[in-house]
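Two complexes are shown next, each including subunit A; its partner changes from subunit B in the first to subunit C in the second.
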Partner chain A sequence: MHSNHTKNELLAISGADIDRCMKCGRCSASCPSHQAMDIRPHQFVSYAADGRVDALLECNSLWQCLSCFACIQRCPRDVKPAQLIEAARLMVIRQQGENYIDPDEIPGLLNNDVPQQLLVSAFRKYRK
Partner chain B sequence: MEKIGVFVCHCGSNIKGNVDTAAVVEQISHVDGVAMAVEYPYMCAEAGQAMIRNAITEHGLTGVVVAACSPRMHEATFRKAAERAGLNSYMVEIANIREQCSWVHRDTVSATKKAVALARAAVAKVHRNTPLHPGESSVTKRALVVGGGIAGIQAALDIAEAGFEVTIVETTPSIGGKMAQLDKTFPTLDCSACILTPKMVDAAGHDNIAIHTYSEIEKVEGFVGNFTVSIRKKARSVDMDKCTGCGDCWAKCPVKRVPSEFDSGLCNRTAIYTPFAQAVPNVPVIDRTNCVKFKTGRCGLCRTVCQPGAIDFDQQDEIITENFGAVVLATGYDTISLDKFGEYAYHDSPDVLTALEFERMTNAAGPTDGRIVRMSDGHKPKSITFIQCVGSRDITNRGKTYCSKICCMYTAKQAILIKDKYPDVDVQVFYIDVRTPGKNFDEFYRRAAEEYGVKYIKGQVGKVVNVGDTLHIQAVDMLEGRHMDIQTDMIILATAIQPSATAKTTAGMFSSSVDQNHFMTEAHPKLRPVESHTAGVFLAGCGQGPKDIPETVAQASAAAAKVIGLLVKDKLMTNPCTAATDEDLCNNCGLCGNVCPYGAITYESKLTASVNNALCQGCGACVVTCPSGAMDLHGFTNRQLMAEVDAICK
Partner chain C sequence: MTYSYYPGCTLKTKAKDLDHFARASAAVLGFTLEEIDEWQCCGAVYPLGTDEVVSKLPAIRVLHQAGQKNQAMVTLCSACHHVFKRVNDDMRRDVDLRRTVRNYDKELDYDGTTEVLHYMEVLQRHVGFGVLKAKVQNPLTGRKIGAYYGCMLLRPGGVMDFDDPENPTIFEDFITALGGTPVPYPYRNECCGGYISLKEAEKAGQMAGKVLESAANRGATELITACPLCLYNVSKKAAGDVPIYYFTRLLVEALDAGIDF
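Then we have the complex of A and B:
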C-alpha cells in the first residue's frame, strides 16, 4: 500500500497539477538528460499519480535532472514535471535532516554569470 | 380580487425526488390571492396543460404560476396553454423548482423550503402583472451572408433556391475560402476543387445571389427582420464590368515577389492578381501596398496592356447600404501563428511545413504541380514525419485549449496521398490520441495504417533541429517507453485552427457574442446550435467552432433553413417586454441612451428619453442605470421585482 501522506506531500511541495497530464510524452522528449534517467519526466508524473513516491525518492533521475525546465516550457498541459522532481529532491534532503550548504553561504557564491536557480538546484543535488 | 392558480410539477422524479411537492401545494394554497393549488407528474404533458386550461375556465383564474423546470424549457408551452383558455399569456409566471431547487440541493428539507419561497415570489409577481400584447414588425425578405467559404456559399445557395435574395460579403478577392485551397477531401479522397467550384459558379450565376468580394461589413443597424447594413467595397482598381479576366495584366506586372496567400506562401504572386485560376469573380485586384504604381507613381504597365481599359487607378472604396431580414455569419478560420513553437524549427527550415502549406504542395494546381519535394533543395524526401496537436489541447499561453478536430483526419488523408504518389517514402505520425469519430472516418484512418503502412507513434516530439540537409527529431514512443532520436527529410505540422481575425468584430457588430476563444456562441449548445444570441443572426462553419466540410455544409443548410423560416413570415411578433419612460420622472440626463446596446433610446423631444419598441430587446440596462427611476421594463417592473424579493424574504 502506497503512502498517501507522501504523495500529498510531494504534490504540496511541487505545486504541480498532475491530473492535467494527457500522457503525450513531450516532457521526456524534450529532456536533455533522458539517457541518464532511470525514471523519465513523463514517468515521474505517472509514478506520482499512482502514489509510488518511495520509488521516486530512491531513483537516480533526481540527481540527473539539470533543472533546465525544458519539460515545463514545452508541456501543453502546464503539469510542471521539473517541479515534481525538485520536490522529490527536497523530500530526500529533508529526510536526511541537514543541509550541505548553509543558506548564509549562498550570497557569497552568487555570481552574475550563474543563474541563481542553477545554484539552488545544484547544491541540493550534490548533497547526495 | 386576484384569483391565482398554482400548478406544481413533479417532472417524474426530477423534482419530486428531492422536493416535497405536497408540502409546496399545502403551503402555497394559504397565500393571499391563491384560489387553487394542485400537483401533477408532468405539467408539460397534454393532460397537464389541459389541467391548466380547465382550471382557468372553471375557477376564472386571473393569473397562473407553474412551479416546474426552467422558464427556458417550458415558459412558452404554459403561456400558450393559458392563451388558449383566454388568459393573457403574460399573466403566467414560472417558479423554477427543478434547476434551482431539486437539482442543486442535497437535502429535501432545504430544497422544499426554497421551492415554496420561489413559488411565493412568483405569486407575488403575478399580483402585479398586467396583460401585455406583442407588437408587429415587418420583414425585409432578403438575407446577408458574411463569408464566402463553403459555409457561406452553401447557405446562400439554399436561401436563394427558396426564392429569397441573398448577398454574400467576402473579404478576399474571391469566394471559395479554405476549401478552395485543399487538394483532396476525407474520407472519400475526392478532389476539393472539383466539388467546390461548381457551387462557386452556381452562386455566381444565381439570379437571387449578389456577391461582393474584396468587401467588408462597415456598419450594422436594426434588428431581426430589419437589419440595415453598410458594406465597404474596397477599391479593386479594376472595373468589374469591363474586365474580361484575360490575364494580360498579371502576366506583365513587374512585381512578382509577393507571397501568395492562396498558395500559403509557398510561391509568389504579382501585385495585380486573382488568387487562383477558378476565382469567382474572375476579376483581378491591385494590391496597392505592393504595386509600383501606387508606391512610386511610375509603371502602369497593366493599364497599358489591358485591351478593354478596365484598369482604374483612381477607383475609391465604395460604401453601399442594403436592408436584410436575416443574417448568416460564416467567417471561417485561420491557422495559429507558430512563433511561440520554436522547438519545431518551422522558422529555421523550409522543409517544415504546416498542413495547409502541404495541401498546396500536393495539389496538382499548386506551386510544385503536385510533386512532393523539399522546399530547401527540390529533392524528393525519403521520409516524412507528421506532428499532431501543434498548439491544440494546450492550456498554456502558447496554444489553444480545445481540440482542433479536423487534424487527425487530414493527417491520415495527407499520409495516404503521399503513400499513393510515392509508396517508397516512409511516413510516420506522432500523435497523442487519434480521434476519428464520424461516418467512415475511423475506417479511413485505419486504412492509412493498415493498407498504406503509415507508422503511427504515440508520443509527442520534443524538439526538431535543422542539421544540414536533414531534420533531427527527439521524441518518445510512449507505448514502448522508448526514447527516439531519428532523422527525417520533411515535417508537416498539424497546426491548431482559430476563428478568423474578423470573427469577434463581426459578431460584435451584430450584437452577437463570442466565447473565450473568439468562436461565435450559439444560443443553446444542443437545441439551438445554428442560432446566435441575437434574433435573426445565424451561424455556420468554423467561426462557430472547429468542424470539417460535411459538418460545415450541414450547419450551413440548417442556418439557411432557419433564415428561410424567418423570411417566409410577413410579420414578426415583437417582445412586449420593452422599456418605457415615466415622463414625469425623466430629467433627460442621457445616461440610458449611453448604455443601450441596441440604439433604441432617443431624445428627440428634448424633454424626455423615448424608447423605440421595435429596437428595444428588454435587456434592462437602462432601468438599472436611470438615476431618477424613470425607466421601467414592461413585464419586469421595479414593483414586480421588489414584490418578489419581499415574498422571498417573508
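Then we have the complex of A and C:
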C-alpha cells in the first residue's frame, strides 16, 4: 500500500538532516510522549536512515507526538526529529481515506470549555 | 504607539478575557492595538512540512497587511504567535516560498520584514517593566504566582527569540514588576499535552497534572499563561486548588484598568 512512498519523499518534506544524528538519544530523553511511542524519536531517525519508511508510516508515534519541539530544541546536532515525524504523518493523511479524525467524532469529544484552538489544531494535525 | 493586532479565533470566543484585558491594559499603558481587517484563523499549528504553502497563507496575508501599514504585528495567543513568528521567518529566508505565494496572489508580495511581537514582548521591550512597575496601582503583594510558559512561545529558541528556551525569566520579571512573587518551577516550559487532549484526554490530563504538581510543590498558589489551550488542559486538572488564568488578568488587576472580577 505504501510502496510509492520513498525515503527521499520523507526527507524532502521533513527538512530534517538525519545524517548529522550521532544517536545520543537526547531527543527521546526529552520527549514527554516517549513512553506512548512504539518508535521513539531517536529510533525514528534511524528507521529513516535505514529506509524503513513503511514501518514509520504505520507506527503509533505519528499520533503521539505533541509537536512540543523539545526534541528539536535539545538535539545537539540540529537533526529536528519532530519534523521527520510530521513528514511521515503528512504522508499518511495526504492519502485519500487516511485521515485520523472524522468530523462526526467531534460532538462526542466536545465539552463547554473546549477552545477553538484545540479543534483547529487537531484538524490541522490529523486531517487533510 | 500603534500596533497591528491579530486576536485569532479563540480570543473572539472562549478566550475573550485574554483579549479584553489586554486592550484595557494597553489603554492604561498608552499604546493602541489596531485589529487587522478581515483576518482568518492562522491554523493554530505551524505547518512543519517544508512543502506546505496553502496552510501558511492566512498568516502571510496578515503579516503583509501589517507591513503595508508599517506597523509591528502583535499577538496574544501562544499558538498564533508561534505560527506568525515561524511563517514570517520562512518568508524572510525562503525565496521559493515567496515566489510560490506571489504566483498564487500577486498582491502578496511580502518578504518577511514585518516585526512580530508577543504582547509580553511589547511590555518588556517597548513599554519596559520599569515603566510598567511605576504604573501599578494595586501591587500583587504577597501573591505567589507561577508562570506557565508551555512550548509554543519558547521553542525552537532560534526562531522564536522570546527568551532563553530552557531558563526563561520574562514572565517572572513581569510578575515582579506587578509586585507579586514569582515562583519558578521545573515544569514551567514542559508540554501540557497540547492538541492531543481532544482525542486522548487522559494522557493530556496526566501531563497537565505534572505541571500543576511541579508548581504546587514549589509553593505557587496561582498560575498564569498566554495560551488558551494550556489554560484548558491545566484548568481541567486544577480543581480549584491552583487556579490558572491569563497573564493579562494580572495586568488589569495591578493597573486597576477598570474591570471588576
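We take it that the second predicted complex is superposed on the first by the 93 of 128 C-alpha atoms of A that agree within 3 Å, B and C clash if a C-alpha of one lies under 4 Å from a C-alpha of the other, contacts with A are read in each partner's own complex, and residues count from 1 in each chain.
We adopt the following convention: contacts are C-beta pairs under 8 Å (C-beta built on N, C-alpha and C of every residue); 3 or more make two chains touch, one makes a residue touch a chain.
The structure presented is a predicted model; accordingly, all values stated were derived computationally and were not measured.
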item: Which of subunit B and subunit C A:Ala55 touches, first, second, both or neither; value: neither
item: Subunit B versus subunit C as contact partner of A:His42, first or second or both or neither; value: first
item: Partner chain in contact with A:Ser28 - subunit B first, subunit C second, else both or neither; value: first
item: Partner chain in contact with A:Ile93 - subunit B first, subunit C second, else both or neither; value: neither
item: Subunit C versus subunit B, contacts on subunit A by residue; value: C
item: Contact residues common to both interfaces of subunit A (with subunit B and with subunit C); value: 70
item: Interface residues, subunit A side, partner subunit C - complex; value: 12-15, 32, 36, 63-64, 66-70, 72-73, 82-83, 86-87, 90, 101, 105, 109, 113-122, 124-126
item: Residue ranges of subunit B touching subunit A (in the complex, touch as defined); value: 343, 389, 393-396, 398-399, 432-433, 458-463, 474-476, 478, 481, 483-484
item: Touch list for subunit A against partner subunit B, complex; value: 20, 22-31, 34-35, 40, 42-43, 70, 74-78
item: Subunit C residues touching subunit A - in the complex, by the definition given at the top; value: 8-10, 13-15, 41, 43-45, 47-52, 55, 77, 79, 151, 154-157, 165-166, 190-191, 193-199, 203, 207, 228-229, 231-232, 235-236
